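Chain naming follows the written order as A, B, C, D, E and F, and within any one chain the residues start at number 1.
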Amino acid sequence: MTDYQTPRNPDMSAPRYTGIPTFMRAPLADTLENIDIALIGIPYDGALTNRPGARHGPREVRNQSSLMRAINHATRINPYELCKIADVGDVPFNSVFNIEDSHRDIEDFVSSVISGGAIPLSCGGDHSVSLPLLRATAKSPVALIHIDAHTDTWDSFQGSKFNHGAPFRRAHEEGLIIPEKTVQIGIRGAQNVSEGWDYSEGNGMRVMFIEEVQNRGIEAAVEETRAIIGDTPVYITFDIDSIDPAFAPGTGTPEIGGLTPPEALGLIRGFRKLNHIGADVVEISPPFDNGDLTSLTGATVMYELLCLLAETVSLR
Amino acid sequence: MTDYQTPRNPDMSAPRYTGIPTFMRAPLADTLENIDIALIGIPYDGALTNRPGARHGPREVRNQSSLMRAINHATRINPYELCKIADVGDVPFNSVFNIEDSHRDIEDFVSSVISGGAIPLSCGGDHSVSLPLLRATAKSPVALIHIDAHTDTWDSFQGSKFNHGAPFRRAHEEGLIIPEKTVQIGIRGAQNVSEGWDYSEGNGMRVMFIEEVQNRGIEAAVEETRAIIGDTPVYITFDIDSIDPAFAPGTGTPEIGGLTPPEALGLIRGFRKLNHIGADVVEISPPFDNGDLTSLTGATVMYELLCLLAETVSLR
Amino acid sequence: MTDYQTPRNPDMSAPRYTGIPTFMRAPLADTLENIDIALIGIPYDGALTNRPGARHGPREVRNQSSLMRAINHATRINPYELCKIADVGDVPFNSVFNIEDSHRDIEDFVSSVISGGAIPLSCGGDHSVSLPLLRATAKSPVALIHIDAHTDTWDSFQGSKFNHGAPFRRAHEEGLIIPEKTVQIGIRGAQNVSEGWDYSEGNGMRVMFIEEVQNRGIEAAVEETRAIIGDTPVYITFDIDSIDPAFAPGTGTPEIGGLTPPEALGLIRGFRKLNHIGADVVEISPPFDNGDLTSLTGATVMYELLCLLAETVSLR
Amino acid sequence: MTDYQTPRNPDMSAPRYTGIPTFMRAPLADTLENIDIALIGIPYDGALTNRPGARHGPREVRNQSSLMRAINHATRINPYELCKIADVGDVPFNSVFNIEDSHRDIEDFVSSVISGGAIPLSCGGDHSVSLPLLRATAKSPVALIHIDAHTDTWDSFQGSKFNHGAPFRRAHEEGLIIPEKTVQIGIRGAQNVSEGWDYSEGNGMRVMFIEEVQNRGIEAAVEETRAIIGDTPVYITFDIDSIDPAFAPGTGTPEIGGLTPPEALGLIRGFRKLNHIGADVVEISPPFDNGDLTSLTGATVMYELLCLLAETVSLR
Amino acid sequence: MTDYQTPRNPDMSAPRYTGIPTFMRAPLADTLENIDIALIGIPYDGALTNRPGARHGPREVRNQSSLMRAINHATRINPYELCKIADVGDVPFNSVFNIEDSHRDIEDFVSSVISGGAIPLSCGGDHSVSLPLLRATAKSPVALIHIDAHTDTWDSFQGSKFNHGAPFRRAHEEGLIIPEKTVQIGIRGAQNVSEGWDYSEGNGMRVMFIEEVQNRGIEAAVEETRAIIGDTPVYITFDIDSIDPAFAPGTGTPEIGGLTPPEALGLIRGFRKLNHIGADVVEISPPFDNGDLTSLTGATVMYELLCLLAETVSLR
Amino acid sequence: MTDYQTPRNPDMSAPRYTGIPTFMRAPLADTLENIDIALIGIPYDGALTNRPGARHGPREVRNQSSLMRAINHATRINPYELCKIADVGDVPFNSVFNIEDSHRDIEDFVSSVISGGAIPLSCGGDHSVSLPLLRATAKSPVALIHIDAHTDTWDSFQGSKFNHGAPFRRAHEEGLIIPEKTVQIGIRGAQNVSEGWDYSEGNGMRVMFIEEVQNRGIEAAVEETRAIIGDTPVYITFDIDSIDPAFAPGTGTPEIGGLTPPEALGLIRGFRKLNHIGADVVEISPPFDNGDLTSLTGATVMYELLCLLAETVSLR
């Protein structure tokens, strides 16, 4: 029996439809120690305001992420040569019916991951999960690159100030992010009141509406963002609805006219060698997807973020 | 029982999956009077030549249009602050099996809407409905902005000269449109004969094939169109197949290589403050849609047209 | 303008794809008074434990219910001749993020419907909504006909005792239902512990597992149920997952091997002239549906329940 | 080049996903002569009243019918050994926008097929096509076996008495069918008025509602029908909506609670050695199908009808 | 870090959309020893003759099998209390392009599983995989319960005698099965030649065509099968196409008119306490599935087979 | 019977949903002689390494290609006026289970087509089919325009050096292509090793990664390619996965961030009047498609290639 390869150490050269699906076919962790970058699933969507399903996101992203491989064709980064990477599983939940309790479950698990020495790369889940992620990750106020159709700096909805349209307002109030080093890219979509947009801009965040991004181009967006962030520790949060719904239909609040995948990939690749401390991809809702396209797109975004994190970690 | 809010006056701040779906959650009309802009459904597809289903368009666009909200992020127009807007329901049909009778039903209903003082913003239906819409709307010959993959100036098909490939030839013959002030944008797709293209160009219409639009850019297309139209009363007709089928697959005659949503939105927003007298969005076929993407796109196009009309109405 | 038929009074003889979709093309209410049977949407799914989407149920059931018509071919009941029937819209929610608050919203709205003189026929929503429905409807303990794959007499899950697997345990504890006059039909599906089954049977409820129903036949199930219920006021709750997922795939907790539609219709038609006080259809999740089949099935179940209620009301 | 097998004579032993799809991989005809049974496509849906798409039926049934093979496992009939069978293509249309003209196109083509010596087995198209099929086929009044959810003996709708709910009322008026030898099996679904049911029964047709069929069983239905028909020349018309929509969702007017496929196959196989003169399968609407299930079911029904016709032809 | 529960030991009481999907949420094996029943994925479809995709079967069945739980409601068997059960992963392949080499990969892996002391419960894969499974499992000729639409005793196709229509002819030739103790249940579907049916019957196998099963009932089929098998070691192979395609559309060779799920479950539950040595579920093709229904059905069949095996193992 | 138009000579002016689907409604050949351009289906996917289904490509492309018409709107080429074009059917296979034998079947059939005097325009099938296509077409080493996400110059996978990632490595080894006149356009997607990229570049092929194409523009890519190819006989192979998966989701190895359809059409139209000897479109997998979008895109690419070939042939 010596030659039995256990299913938790998948072989990346095996046919891609085989094996237990872990994030990007990374090994399943036995412990939270001795990992550089921890891939985390956060199957939670209790804070969203419209179409549900992001709770199914981690599982389908894991499934589609088997199509990812090692060497980035554009940057030639091979994250697996640079770092120890493992799938540490999903956040275990004790209370999915109460947003604040669920956020505590997330914060606790991610804190233990970080205590073990890894930096987190998460897959949500609705966008509310970025608040407990920042609570666990930001030991002091951090810079934020926020790619999204919405600023998510709105206030209460249906009685909760922790809904998925509010996490960065809360993060700002809690001192987790530096507003002058917060860049929100891809913003669009009509609103009933302008409050969220006004909050971001009124508090010093840089809001790049989609038309500005499209008119000035990705290179300009990258350069300005890099100038704003500098070498401050930075967290990247990527809402899949930043991308146009033809490329990523499976999401809760689609807005047409978004980023194309080349634009999205161009943005991420533009943020190499920043002082990365973590990242997430959120709002992938498989029940609203067409042919797993959104999960594939989400998996690819996650892979590109992994390349970013791995390069930065390897340079430390 | 005094606090009962009737379901025909939906609350735009309620969760978007709730309530009876009216166009953009506008109130349902009790009367055709005292409305500035009337939202009209035209569930008719008896004149099309290929894949059916546009009869289901108004219902699904109403459904998806609950995702629309008030303030346009790009233009900051809030149409509901500028105008009285109501959903007046669908054209009532007495004869769906005879194109000419059906067109009369449409013309009659839209005429009564206009008599009540409103200008019409319709959702089709196949493109043949634009002919009775123009008959009701154009008291004298009008300018036409026609965004489409096809010129729809072909002649009879299968024995009917009122099929959905012919409305603007008929409109020209009937003196409803000014050919020199007619601009057709986004034209593409092979044809068995060149007759329709030739008819448009031979009669003085400006035909912008898609390659020209893509090469010169949206800004140039807008500027030339504005120069052609001037302040002549103008009707906008938007065929959803002008947009690439990845973004709008649910249509009867898809042609790949079309407008992207940012291009389409850029076109519409370029036509602010023209002398608008009405508009329509047509050829949305839900049975051929993928995950309601086309209906969402159609709803967004309709919302952007609403912003155009509302601004113009408010300036009169 | 005198001949304008407002869109809130749809014409049942119009083509079925036309018009604003109300439940079964019933008129939209202007007031909660003067209605015999109120059709209510409850777009809430905050209490479910697995696949989400039941919040979209009422809208899609309204959409598909346009295929319903007046005269039942099997019973020849025409509910519209027997009663005044109206769609009173959706329960208005103030707090979708807290189960107990949401249940209060439901109870309040349904109570006001009942105060107006109507009996409620609701469309959910997850099954937790039956608890506030019973709170509003059961002035004293009532009999319950419960058609479902699950007994829904389980206890807390993830910290909440109001999750969608628990409503009838809570209803029993609150004295809303008479356990000896509670019949649960169609139960099946593996469980991790037997506690829910045991609770039902241990408290005197009659649990008919699906195999028993299939072996003894619908007629026997109906007869026994009628004998148990007698003329006690009775509420019927119909979970769409009682039906086999080939016929009703769009639901949160599918279990193969369920009722066929002829069996389900046979059950409902068997309950004519009982002392009906209300009914609901729940757990229809359109994002997991195939081609609207579940919504069509749910609409038909709702129509059959309407026939039951209308006949009983007309006999009072 | 002598060994080139032309694509119009497909090889039934080739992999079933290969080749140009003809009905059941029968050869394409070069002429209408020398054929015993002609397989005909009727891609027409201009007479339907609800969901469209039956125009796409023949093409998708041809596609799925490649899964059919030669020897019937239940009856051991091999129609290809008994008869000359060919696909003669689709009815060529000159006027799809006028029901009466389209019906003339159908009657003309089918008449020429019959003049060539073949009996027709057609695939629609909406159910209105059975009227011109009967006009071409019934030289004198014939018996009719009509398997359907609806009696299709209703009168005018939206101004046309040739809509798809009326063909057998018209056929009766035109003296094409013998009402006392007309059996309608599987009838169900609510109606706004009872007129169609009353017309059938009032004129002597035998209407077997679905509940009767389910209660008495297929064998009883077959026996009674055979007794009614005797050896009168008989035409079979099979509306796919007779089958439950879980098995055949792709149709214009679905009604839950229909025949199961074993029941439908049992019915057809019960009609061996009657005096068959033709048959059709109608109302398959691929745009509303789930995974081609309805087209596969329709192809299998067509194959079973082919076995019936072939056996009868071989016995003449 | 002591409280970290590794993702390979999932918690069955966690929400069912969470966690790495193993078969039925069983733990992932670290070794092939100390397991009573090994759950094995065989993602191979290189031997099929029609629609592909069964290679994706194990992954989607794992995904849907999270809906399975512990206690069987009908038999009250809890397999996890009776046996040690683990997911040992997928067969590792070295050569997916050559059927015979692939079969050797399967046989080798399953042999090592059996050497470790477990009995195999596999999820395919096309039906050709049952041949290497029998080679590994049948130390001497065994009895076979074969539930399928096809006898799979046909000969070569396209030059290979190991295609998925031939495994039990080969198994018979190789002396792996006892033909007089082989029962084939559910057979149907036309064939071009009768050779496969004839081979089965000519060699003493008991072929129960679907009509016989439907007419005599499941109980009779079970009794006769039990009488034939006796206490001979028996292998069960379950082809998902035995079930009607409305319930299991995602398969390579669908044939309408098959078993219903209650019939299929009734069959399996009828085989309690036989001398089981292994089982498989095959031919689940997710790319042809509708809404994961086939994978859910396959997962439930696998769970019921697990109950059978566990009970027998516990009684040894 | 003289006026019977046989179904093998379809009428391009008939409604597009009618008739037996041949490639672009070209006539079905009776012989391989007297054809200028032969349209060939190659329903083979036995050599692919990931998601299957390309075997269904030719049939669905034929189906969707009915939407193609005669005159190219951009180039005004009408291929049917320039050449004799016919659909010669699918490659007949004798051995789908052995890659090398299958490749021989393809080579033999295409060779006979070429012997008849036609040049081949094929529709695959997985990309391995280009190897036998080149063997049949390239009498001496040819230039190659290869539009794809992958260089397909990798080596063995799972024991076969003829898998679909290797055809151009083999073609190079066999002396079928001139590496210095081979241009690979659109390359992207991570890889586990860089070997394939290195092989192409190390052997003198011009590899244009997607980012280069996007940055420099289509015009630059066309110009450089034309300069490289010159008037050497050239074969074009178009893998549908070169196009972004939002526009062409139905493929085996999707990689986000690909060509848009306007870019793809621009590339093809840029290659007018080269010395074309044949072309193919491959890797269209209908089971993974959304709403036939990929087949429509593939049909349009095939039509554009037909225009290229026809113009070149007409100029010879």
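In this text, contacts are C-beta pairs under 8 Å (C-beta built on N, C-alpha and C of every residue); 3 or more make two chains touch, one makes a residue touch a chain.
In this text the structure is predicted, and so the values were computed from the model without any measurement.
Student: Among the other chains, which touch subunit C and subunit E together?
Tutor: A, D
Student: What chains do subunit C and subunit F have as common neighbours?
Tutor: A chain counts here if it touches both subunit C and subunit F, which gives A, B, D, E.
Student: By mean C-alpha position, what chain is farthest away from subunit D?
Tutor: Computed centres place A farthest from subunit D.
Student: More C-beta pairs touching across which pair, A-F or A-C?
Tutor: Result of the comparison of A-F and A-C: A-F.
Student: Copy of C-E's interface among B-F, B-C or D-F, judged by over half the contact pairs being the same?
Tutor: Of the listed pairs B-F, B-C or D-F, the one copying the C-E interface is B-F.
Student: Determine whether subunit D and subunit F, two copies of the same sequence, contact each other through the same residue numbers or different ones, counting it as same when over half of the numbers at the interface appear on both sides.
Tutor: same
Student: Express in whole angstrom the distance between the two chain centres, defined as the mean CA positions of subunit D and subunit E.
Tutor: It comes to 38 Å between the two C-alpha centres.
Student: Calculate how many whole Å lie between the centre of subunit E and the centre of subunit F, each centre taken as the average of the chain's C-alpha atoms.
Tutor: Whole-Å distance between the two chain centres: 39.
Student: Give me the residues of subunit D that touch two or more other chains.
Tutor: 15, 17, 51, 55-56, 93, 96, 158, 244, 246, 288, 290
Student: Can you give me every chain pair that touches, using the contact definition above?
Tutor: Inter-chain contacts occur between A-B, A-C, A-E, A-F, B-C, B-D, B-F, C-D, C-E, D-E, D-F, E-F.
Student: Can you tell me which positions in subunit C touch subunit B when the two form their complex?
Tutor: Against subunit B, the touching part of subunit C is residues 1, 4-8, 11, 14-15, 17-22, 28-33, 41, 43, 55-56, 58-59, 62-63, 87-90, 92-93, 96, 112, 115-116.
Student: Which residues, counting only subunit B, touch subunit F once they are in their complex?
Tutor: The contact residues of subunit B facing subunit F are 49-51, 158, 187-194, 197, 209-211, 214, 244-246, 249-250, 253-254, 256-257, 288-290.
Student: Where on subunit A is subunit F touching in the complex?
Tutor: Answer in residue numbers: 12-13, 15-17, 67-74, 76, 244, 246-247, 261-262, 265, 290-291, 293, 296-297, 300, 303.
Student: In their shared complex, at which residues does subunit A touch subunit C?
Tutor: Listed in rising order, the residues of subunit A that touch subunit C are 45-47, 51-53, 55-56, 93-99, 101, 158-160, 163, 287-288.
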